[in-house]
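Per-chain numbering from 1; labels A, B, C, D, E, F and G assigned in written order.
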Amino acid sequence: MTTQILLNLLIAFVWMLLNESWNIVIFGMGYAIGFFIILSMRRFFPEPFYGRKIIFIFKLFSLFIIELLKSCVVVIRQVTRPKLNIQPGIFRSETVLKSDFEITLLSTLLTLTPGSVVMEIDPEAGVMFIHAMDVTEFRNSITKTKRKFEKAIIEVMR
Amino acid sequence: METFITIIAGILFTVGTYLILNKNLLRIILGITLFSHATHLLLMAINGLKKGAAPLLGENAASYTDPVPQALILTSIVISFALTAFLLVLGYRTYVELGTDNMKQLRGNTHE
Amino acid sequence: MYLLYIAILIPFFSIPFIPLLYKYVHRIHTGWFVLVIPVLLLFFFARYYFVQQTIEPLILSVPWIPSLNIHFTIYLDSLSLLFVLLITGVGTLVVFYSIFYMSKDREKLHLFYAYLMLFMGAMLGSVLSDNLLVLYAFWELTSVSSFLLIAFWYHRKRSRYGAQKSMFITMSGGFSMLLGFIMLYVTSGTFSIRELILLGDQISQHSLFIPAMYFIFLGVFTKSAQFPFHIWLPDAMEAPTPISAYLHSATMVKAGVYLVARLTPIFGGHQEWFWTITIIGLITLFIGSLTAIRQSDLKALLAFSTISQIGLIMSLLGIGSMSLNNQYSDSSLLFAGATLAAIFHLINHSIFKGCLFMMIGILDHETGTRDIRRLGGLIHVMPVSFTLTMIGSFSMAGLPPFSGFLSKEMFFSGALTASRTMGSWFIFIPIIAWVASIFTFVYCMILIFKVFIGPYKPLPLDRKPHEAPFGMLVSPMILASLVVILFFFPNLIASSLLEPTVKAILPQAFANGREWHVHISAWHGFNTELLMTMGIIILGMLLYKYLTKFRNIYESIPLKFTLNQAYDNGLVAMERISGKLIRFYMYGSTPLYLSYLFVFVIVIVGGSLFLLNGFIFDLSNNAPIELYEYMLGFTIVAAAIYMVFTKSRLISIIAVSVIGYIVSLFFVIFRAPDLALTQLVVETISTALFLLCFYFLPRVSKYVTPMKLNIRNAIIAIGVGMTLTLIGLSTQEHHLFDSIAEYYKDSYTLAGAKNIVNAILVDFRAFDTMLEIVVLFAAGVGIYTLIKLRHTGRKDQ
Amino acid sequence: MSNVLILPIIIPLLTGMLMIFFRRHVRMQQWLIVISLLLTIGVSTFIIHRIFRQGIIVLDVGGWHAPYGISLVGDMLSALLVLIASIICLMCSLFAFGSTSNDHKVHFVYSYILLLLCGVNGSFLTGDIFNLFVFFEVMLISSYVLLALGGKKIQLRESIKYVIINVISSTLFVIAIAYLYSITGTLNMAHLSERVATIGQDGLLTTVSLLFLSVFALKSGLFLFFWLPGSYSAAPPAIAALFAALLTKVGIYAIIRTFTLIFYHQPEITHTIILCMAAITMILGALGAVSYWEIRKILAYNVIVAVGFILFGVGMRTFESLTGALFYLIHDMLAKALIFILGGAIISIFGSDKLRNFSGLLLFRPSLGWLYFIAALALAGVPPLSGFVGKVIILKGGITEGHLIMSVIGIVTSLLVLYSVIKIFIHSFWGETLLSEGDQKATGTSALLPGSILVTFIIAMGLGAEWVLTYVEQAAEVMTNPSIYIDAVFKQID
Amino acid sequence: MKFTDVFLQTAIKILVFIIMTFSIYVLFAGHHNPGGGFIGGLITASALVLLYIAFDLQSVRDMMPVDFNQLAAAGVIVAVLTGTASFLFHVPFLTQTFTYVNLPLLGKTELASAVIFDLGVYMTVIGTTMTIITSISEDQK
Amino acid sequence: MDAKAMIEIVVGILVITGTIISLISSLGIIRLPDVYNRAHASTKSATLGILCILLGAFLYFFFTHGVSSIRLLLGIVFVFLTAPVAGHIIIRSAHRSKVTLADISVQDDLQDYLESQKNVESK
Amino acid sequence: MFDTIMLLAMFLLSISVVIALYRVIKGPSIHDRILALDSIGYIVIGIVAVLSIMLDSHAYLETILLIGILAFLSTIALSKYMEGGVVNGRKSND
């Protein structure tokens, strides 16, 4: 993947040389051209095309935004209710993710989504303790969301 | 606005002075901090406020506020920060070493 | 010609060599080397004695600080010469005497002679300088050398006490005299005595003229141990005896006399001059002689006798000064007689007192005591000493055939002249003179009879007394023979020394070429003076006989009321009272000090704002203000007021940070982005430091401030706030000039920067910024050292 | 343009910074400080020489001419003070070589001494009022650190007071500058002088000038000296000497500069206040000096007396009195450094500063004793030492101006000064010898070299007063005639 | 089970890069926009403090063996030396100069000696701030 | 309706939305029973509210001044990244310093786990 | 109209700050205070953004990011301090 990006940059640079012009627009053009060159020749590389990742990232992002909006609505509803009706608590949850970066990503996303905040993490054992605003109501949805995230993250990272 | 800010600065001066006259070391330092805030507000206020855009030529405004007080305040902020930091640590060391933050107990003459 | 300068400076230049000689030529008594200097000087100046009678006074001048009119001008006339001869003559004898007196094995001779040379040079300088400030410089040096000499045996408490006392008193006088000299300068524009004399009446009308005189008097009277400043002299007797003989009787204490004589042409003729000198002189004469009787220490007795004798000379100079008074111009020559008497007695006194001191020194040396009560009958073991002491004492008592008789008679004449010429109620002058002379007679008798006559008491003495070695006796012998010679041949010096000296003191009296010649004769026929002398002898004898009863009267005077006691208590009180006063101001408490500062600002700055009508107020130019700005402002006020009342540290710290953050928001509103950024970060770090340094520490002390104090503080606080606000409100509408800021608005062309504030910081006023980071650096590393140095310190412990 | 003016500021500054990199190399630091100070002294001498020949030197820092940039203005007053300050700094450093613990040395004591000098020299040289504030801060922060360095209880206690009081007065300084800028729209002192003269110093400006006076009074120990005795007696000897000789003098300089150059239009108010404060200062200082029995306290109060006396000369604002004040100022800087160095040596020998416990030092430390004795006499203005001439000129001015009472106060207090310093001499050098020959033989010896040099200066300054006066009078010329200063600053524009 | 700071540490690793970039931007943009050496330095210091918090003092020291006292001093020296450079051109001390050059990628770019001066400020601020913070926190251990 | 008015409407809506979300999240900080629950309000709502405002500001400057402020975008990213970490750290710290859960809490697996660990150790 | 909206936004944000300040003062736990301060930081970011729209100046955009950094830094520092009593320097998690 790194090779592909570097190659792409090199193409952009060469493009600038050819144009004898040193500005960001020409560079951008060169990069775009390189992108398509690599896309068309992707089968020559041992690893998959790096543009794919961009799609995954975009997917993850949109997933997240939706979850964020949802979570927001939930919290606002809770807060604006005249009487609080919640059953908060901390529950244990497992994850299949391993690397630091993956776990961080997951934690970020989880914390930003409805009624859950990550508290303690043991990356070795793949265990997280999560505080939920309403354990009974959200246990299932959180676990579901977590699975979705894990899947998206794995797609991006591996 | 100028009058308003000057009066606020005045109130800060008053409170600052009151705290400085206290015998509690922390309150003295807090009073000094208030004093320097008040000084900066005063320095701004008495040289005219909102008399133009921020002194950045990129803003393309017709007039700019007086940049000199700003520059002076910047220098003054940094210096008072340096002094406050030093004073705080000095106060902390005194507190730890002498076991008091009461300036009355930090009198010299009696126990010499 | 410039040999004169060298002559004055030789003693000073010799000082560095004395310790060397002492250290490397220890075999030979250092005194022998030192002796060369006074001998040389004596011969050098004696040369002038023989030429002086005919030629004009000698003037030499070298600039020292010309822009202040300070020139090192030497003025050698007969008055100076008289003193120079005394200084070098007695100096020679004293150094010679000291060679035998000071043990070369036990004493720190290098210091002794160094001090002595310092003194000799200073004294020569004093009497030879025409410039008042140069004179003053040497004058103070004599005090300094006297200080050092009195404390020569500095391990003794009494020596230190005496040294300190003499220095403090004589230097007080000296300092005041300096002020007097400067006043004279302000009246006249010159420090030169000769020029001052020439200015004459022009300056006497000046309002500072008489004050100057009194300031100078303080110098004169302290130096010459006049009442009530005489108290230092008896304590100065802790000095080695040669020193007492030299400084504290023959020369230094006469510096005041010299100065009075020297300044008589300027001040003489003024009533204030006459009255002050005469009265002080008489009082001193009286008190001195009266007190001398009471002394049991021989040196103390001599000290008081010196005091009284100088009082005598002073009063004579006072009387003599009247010859310059226009009112008495007819009898000016009669008054001049008093001056003559003063000069003659001055010479006599130096001689016989020098002799007596040396004899006391010998007694002390040979018997180990100076206590009259332990001495007696020494005539048998020390006949030579007895003879010499007797000559000195009789001369002092004013008995023939000794020179003292002559000057004593002249003293009476002077006193009588005053009363005859100036009015009958001036009769008190001769009466005091006479009574004091009776006492003088008594103590002279004590000196001879209690020590040499009567039962011999060898038992209480520390060592077996015997006659002194010959070398030690040489100096007193010379002096004693002078006493006798001067009685029989007083005219040896009459025309060559006395007459020109009197003329130098009273130049105006002889200005119109009046003929006046000095001729001294021992026999005047049976006149009042002789009768007075006879009265003295008879009454003195009686008094001596009933001395014990007389003494009892003395003893009844409680010690508390003596001047000495007053001095001692005065010093203690001075230290105590000043201590109390200063500790009242310097209480040591920071809040108090800060309230001084703030009250000072309120009084001086606030006061001036109102008294000078500095307050101007005008709302018209104010910028508009929005609601949220009011809100922010009131939040600041609320937080600030909350800080006053809260006891919680945390809330105080939070409140101050809230204020800080709102201030940075205000900076945004005031169009100051750089400020806002900086303030934000700085506020955050400050808050962190506040918390780190104070919040998380355990609370150790709780204290309540009394309400009264709080109210006082509140008043001060409001005062400060008001003052600063009112000035602020005034200046905000008082922009009298265009700001320099206009210039910076071209910063893009001038400095290539669009951010004007940044351009000011890194270019226009980059120097400020450079130093600002130095401050920051210093604070940072300072904090580092504050914390680290302690750690290493602990490791050491 | 004359970059030479910046050198007395940046030589110490750069050397001080450089030393941070040689923290553990104490010997290296000592060499560095000596070389740097000798350089500074040389440069200052050169500057004096040039000013003497060619008049005031101006350096527009950054190339921005007055009043828009910061100008350094070297007139004779500044240059003389810079030279003396640098000399004193060298002396105190020499003393510090032997009298300061190694702990101090590796904790940047020399760096801070140099920074202090940088602040002091800068304060003397700057021609910009805000820049003066900044230099004050450089000086003060260094003094805070030097005072607290070591962290003994008494040091912490006194430095916290000192810092608090000074920080507050610094804030007042900024406030005063704010007012002044608001009214006049400028910061350059020559420009200020010109502008204040145009409007003739109205009531508001006088009020502002009095705020400046309050600030400088505190810094110089004029009446508001309560911070001084404690802090001077807590500092290590070499540092105390440095403080005594330099710190208050910068305040005095600031008063001289502002009240002869800018605010001289209402002397009946401002200068009368200065005179009254001077009188009270002399009296209180003398009271303190005679009442204490601790060397440090006595000497600290002596500093105060001198401040009062110098300001007496300044307050009269005549050519003569200003000449005297400057002469006395120079003398006092040298003499105070000297006496504090020697006093510090005495303290280190006895290990205490309680006079009553001292005795008989003269036997084993004769040189120290005689140096001290001369210093004591110089301090009291005994002729022919340096103090005498200054004293005479000021008194002459005082009497000429009709300030008889002030002059008497001046004389009486100088007498009390003499009493107090001689008290120290008598009690520490005379009396039975308590120390034995081998006892602490080495202590106090580091004072001898700087002590002798300073004594030489003091004697030379008294005997060669005329020579010194030619320079001092040139300085007084500028003080009495601000237009010389103003013209020099603005001549660059033409 | 072993609870770790993995979330914090990884997040901070990323954040520090953002903050550092920002601080350098602020440093160099200061000439035309709000900012400059002082703010830039403080922001860098914030980044370093974050590192200290997330990791321990020693490991950060191992990563960046910088004596902050010396960094601060070096900053002052840099600032002063930009001033003394003017000695070479016989212009007054601290005379700043600027020029415009065409650089690849950036186009017409201003080169100002004031930026070097500001760099000195930047270094000093970092050095000082870090000195203060590390001293105090070590003391309170 | 001109372009400027359009932009102003969009920006106005975004800003007001953001403001209201922020206000509500503040209310949440007041109303919710313990620090753990409040963290939810703070991390999520505040984030979203500020994001809306910043987005509004970005659009405003982009369309009125033609400035695409990288600083604002960076700000958005930064808020995104820091808010969850901050929330996580605060409540973790709260739990570690034994701040009790509100009474209405129904479950604390972490506490149970820690206690069981302690029991194991003590055995 | 637009300006009024912005003023309204300012007003509401200020109220949010005041509300959060209440939590800062009230506590009860130190963590509540930290949390509230963290929120205030975010709200202030909003305020500055609105202010720069009002002042029509992009001069304050640096401030936004800066506040973000500082708020985050303070939150982390305070929490870590509370956790272990030391802001930094602790060996991490062992």
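In this section, contacts are C-beta pairs under 8 Å (C-beta built on N, C-alpha and C of every residue); 3 or more make two chains touch, one makes a residue touch a chain.
Because the structure is a prediction, the values reported are computed rather than measured.
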item	value
Chain labels contacting chain C and also chain G	B, E
Pair joined by the larger number of C-beta contacts - D-E, A-F	A-F
Chain located farthest away, centre of chain E as origin (C-alpha)	C
Farthest chain (mean CA position) relative to chain A	C
Chain closest to the assembly centre - both centres taken as Cα means	D
Centre-of-Cα separation between chain G and chain A, whole angstrom	26
Gap in Å, rounded to a whole number, between the CA centres of chain D and chain C	27
Distance between chain centroids, defined by C-alpha means - chain C, chain F (Å)	81
CA centroid of chain D to CA centroid of chain F, Å	58
Set of chain D residues in contact with two or more other chains	13, 17, 20, 61-62, 130, 134, 137, 141, 144-145, 148, 151, 160-161, 164, 168, 175, 178-179, 181-182, 187, 230
Residue numbers of chain E (touch at least two other chains)	1-4, 7-9, 11-12, 15, 22, 32-35, 38-39, 43, 46, 69, 72-73, 76, 80, 83, 93-94, 96, 128, 132, 135-138, 140
Overlap residues in chain B, where contacts from two or more other chains coincide	20, 28-29, 42, 46-47, 53-54, 56-58, 68, 74-75, 78-79, 82-86, 89-93, 97, 103, 106, 108
Chains touching one another, given as label pairs in label order	A-E, A-F, B-C, B-D, B-E, B-G, C-D, C-E, C-G, D-E, E-F, E-G, F-G
Residue ranges of chain B in contact with chain G within the complex	53-54, 56, 59
Of chain B, residues touching chain E in the complex	54, 56-58, 74, 78, 82, 85, 89, 92
Residue ranges of chain G in contact with chain C within the complex	7, 10-11, 14, 21, 24-25, 44, 47-48, 51-52, 55, 57, 59-60, 62-63, 66-67, 70, 73-74, 77, 81, 87
Interfacial residue positions of chain E with respect to chain G in the complex	2-5, 8-9, 12, 15, 19, 22, 26, 33-35, 39, 43, 46, 49-50, 52-59, 137-138, 140-141
Touching residues (chain side chain G, partner chain E) in the complex	59-60, 62-63, 65-66, 69-70, 72-73, 76-77, 80, 86-94
